[in-house]
Amino acid sequence: MNSMNSMISDIKAALSPLETSEPAFRQIAAVVKPDGIHGALAYLKNKGFTQLCILTCIDWIEDSQFELVYILFSWTDGIHIQLRARIDREKPFFTTVTDIFPGARYYEREVHEFFGVEFCGNEDLYKPLFLELWDDIPPLRKDFDPQAYSDSKFPMRENANEFLSMTGGGDDE
Amino acid sequence: MNEVKLFLGPQHPGMHGNYSVHMYVDGDIINKSRPTPGFLHRGFEKLMERRLWMGNLALIPRICVPEPDINEMVYAMGVEALAGIDVPEKAHWIRMLVLELARIAVHTMSLGFIGGPTGMYTATYWAIAQRDLILDLFEELSGARIYHMYIIPGGVRKDLPDGFAGHVLEKMAELETKLPEFGELILKHPVIHARAKDNIMLPAEVVWELGVTGVGMRSATGLANDLRKVKPYARYDEVEFEVPVAVYSDALTRLNLKFREIYQSISIVRQVLEKMPADGPVNVPVSPGNALRWTVPAGMVYAAVESSRGEYGYFIVSDGREKPYRIAVRGASYPQGLLGIEKYLKGYRIDDASLWMDTMGVCSPEIDR
Amino acid sequence: MVLDEKDNRSPWEKIGDYFSANSVWMKWYCTGCGAIEMPPTMTSRFDMERLGMGPMATPRQADVLLITGYLSTKTLRRVIYSYEQMNSPRYVVGFGSCTVNGGIYYDSYATINRLDMYLPVDLYIAGCMPRPEAIMNGFAKLIDMIKKGEARGWRHYQENYEWYKKNQLDSLGEVIIKDEFHE
Amino acid sequence: MNAMNFVYGFLVLVAVFIFQTTLTGINRKVTARLQKRYGARWYQQFLDIFKAMRKDSTSHGWVFDFGVIMALGGIMATVIFIPVAGFEAFPGLDNVFVISYLLAVGMLGMAMSAAGSGNPWASIGVARALTNMLAYDIPLMIVIFTMIFAFDSASVGELAAMQQGMGVLGWNAVRMPLGGIVAVIALLGMLGKKPFDSFIAPAEIASGPMVEYGGKHLGFMFILHEFMTFIEVSLILNLFFGGGATIWEYMLKYAVLYTFTTIISGVMPRFKIDQAVKYFYRVPLAMAVVQGLVVIFTGLGVKIWF
């Protein structure tokens, strides 16, 4: 089992990350440039990080950037790695990593559906996955307001007694 | 060749939960299948950004309905890592107790649900009744049967009630007398063998390709890849337990593994009750003042626990304010429930599709969120 | 659902309602998390079959549609489709606070807030989620209502079809999905 | 054959319906007790049928409607020809072949109707039901032909009468033990009890042929199912367990045999359809052939018997 320190120095040497940190017990965070993600994932997979736990995205609306997060896990070392890269929010294009981790396919579809990030090379990207007949901006973007959407689409109940008065019930119980 | 399009689900008795597998069949054989999630999509990740750090406690257990405690645990672990909270010793042990009881409940239920696809309804009836005994324990502990909201950042909500340890031991003893009956009825039944043996295979290379964890991974690779062993959380490094493994993963092996894990969990529960400190605080206040105005320092952390279906994790981002900036959920059944169904259900029969859902442990609410 | 006060059922309808009340088959459709309390209600501990209730495989065979919890729009389309496949007399039971007013998901972009805008609900069972005891109690109440001829949501749906359809279309855009395979 | 025969026939139908439906209700309770619960009321099956008859129903075209009527007519006609404890509404017509061909009319009606609904699950269910029929029929027919050969009679009533008078030792199930086992296994298949119920499996094909039936159509299907159960159990009872000298003996034996199949099915999962066929063509078929050879070439159990 490699120690955390040697792993961090390995990563620093091989990936030349912009920044590394240790956010939690046995967890390493590394920020790389977007074009370095592919190489970094391939390198880490060879180092024993064989499992892609999750691929997700963060919307930094103030910086006008999306941050893609790849979390890998090594079952031999018991270490999680967060690999992060920022891409432009206005031009959210990225390449797929399904050639390295085939399991990323559905995560990419999900990120595309919820954030609108397009992964070139993932052929199923444009099929709807979770949402059906969606007619607004991707819902997990920060500028999407679910309350307003809900109010406009799904009417609320005006008062609590309405149902009781409608059915004429409520008195006998 | 005359292909027929079929919907297995969402309203099909063989489907657990609101999930759908669309397939093209030729006779009984599946030629092509495609998972259709999203029927349970509630937009949790968005809703969590709109709730306070403490307010989220009510929301998170609803992500995985059969086993809600893992949600509370990962959320608590992640927030504690971000805010640098040290959890009192006793709280760790109580958390383990809750998690293991939940694991027993889920495994018992999933053993019983094998009755759905195979038609063994008697097993279902018996197993659900056994699970109810554990839900009674939860009710005594937290006041709720399903959604407990018991594990909170900083510890657990309150101490164990008086006499709780005794009740747990009683129920465990009763469960141990009933489990051999299930073994007899389910795992040794020749017709179940005919249905489940050499069926719904999961080869080791597929495990690595999809990223399947949990029982699926352990039954195929022969490695004891359990987060409780590999990266212990709470006090799992201080209890002794085995992780059952196998090198040939068919539906029957996975059932067997689940059955053996129940015994391991019972043993962990006993050890926890033995080694737990008798007194001491069970939680620490997370903030000096109003917990509703509590802010968590900025940072990003990934927390994961071993659920009954595999690695279950939250990726939590805080920007230092009163609400989380983003929380992403890694559902444990994501790989086998989506890509697995799409790629590896081909060639099996219609009857086996729900067996896949059952033995792999596909939990639709955590896929949809 | 405005009820006319006096009981103007013919004797045949009364006999029919007696049979309907004592043999209520529910549609096996787990629409939300309340479904996790259905297995205990059905199985050995609470044993729903005592009341003559049992699960049925398809909407054609069923009498009562259980909406077990929140409904996402994607599910609501299927639920409406299922409801319209059922043969009358048919009943709808809403489980949990999510069907009453959206519950904890009041601000979600994917779930509806009021079930009775889209389907004629005969009975709500409160709770998040309702315990098996509450479910049994609710079913006993439903049986009572059917016996007295009070569960007339299906007739209300027929009479006010345009109103329901308008609500459904307003919220969902399209009720029936033409291509579920997305190809 | 005069008017009285038809009156008898009608009375038989009414009596059979009441008896079999009551027994089904009691068997639901037996299953419930097996599953450690209280279970439905004994008359629940009546309530279910009358409730279904009360409901509106949806038609899927004239083939769908006509198939139901044809099936019900065929099955009801078959019931009248079944001899019960020496009583026959139409004496002399209780030939095995008459019964099995009339039964086929009912089966075909069901298949036609279900396929007429246009639902793919129903088509799969019908295909499975016919495959299942093919599977259990061959071993059972070998045993029945052996019996006809040995006793020189194809009349169900005569075959039943021949077994009476010797107590248990007279039963064909004892004279031909392998054949008796084959008959009980085939009965499970005929009744659609587990492990051979893959054609109506709810969790696999959403109850198969029944998938589109609702309301009155479903009520007819339930009545049809009760009659069909009566025919199948009666056939096995008459041929292998000596029928009954009195009506009470017959009813008692019938109830025991039917409850036995229920209990077996309570602790069984179901075979997939291909496994069911393989199973029938392996064990029961071999047993049936061995039984046939033994009876035909040695006469053991028929000519040589105490």
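Quick notes on this one:
Order as written gives the chain letters A, B, C and D; numbering starts at 1 within each chain.
What we mean here is this: contacts are C-beta pairs under 8 Å (C-beta built on N, C-alpha and C of every residue); 3 or more make two chains touch, one makes a residue touch a chain.
Just so we're clear, the structure is a prediction, and the values are computed from it rather than from any experiment.
Counted by C-beta pairs in contact, the busier of A-C and B-C is B-C. A centroid comparison over C-alpha atoms places D as the chain most distant from chain A. Taking each chain's centre as the mean of its C-alpha atoms, chain A lies 58 Å from chain D.
One inter-chain figure worth recording: chain C and chain D are separated by 37 Å, centre to centre, where each centre is the mean of the chain's CA atoms. Rounded to whole angstrom, the centroid-to-centroid distance between chain B and chain C, based on C-alpha atoms, equals 29 Å.
Among the residues of chain B, those touching two or more other chains are numbered 5, 12-13, 38, 41, 43, 46-47, 50, 125-126, 129, 368. Annotation for chain D: residues touching 2 or more other chains are 35-37, 202, 206-207. Within chain A, residues 128, 130-132, 139, 144, 146-147 each touch two or more of the remaining chains.
Taken pair by pair, the chains that touch are A-B, A-C, B-C, B-D, C-D.
Across the interface of their complex, chain C is touched by residues 28, 32, 35-41, 44, 47-48, 50-51, 54-58, 202, 206-207, 210-215, 218 of chain D. Of all the residues in chain C, the ones that touch chain A in their complex are 1-3, 73-74, 77, 100-102, 106-114, 116-117, 121-122, 124, 141, 150, 167, 170-174, 177, 182.
Those residues of chain B whose C-beta lies close enough to touch chain C in the complex are 5, 7, 10-13, 16-18, 22, 34, 36, 38-43, 46-47, 50, 58-59, 62, 65-66, 109, 124-126, 128-129, 131-132, 135, 145-147, 365, 368. Chain C contributes residues 16, 19-20, 22-23, 25, 28, 43-44, 47, 49-50, 52, 54, 56-63, 85-89 to its touches with chain D in the complex.
Residues 23-27, 29, 50-54, 56, 58-59, 69, 71, 73, 75, 78-80, 82, 84, 101-103, 105-107, 114, 128-132, 139-140, 144, 146-147 of chain A touch chain B in their complex.
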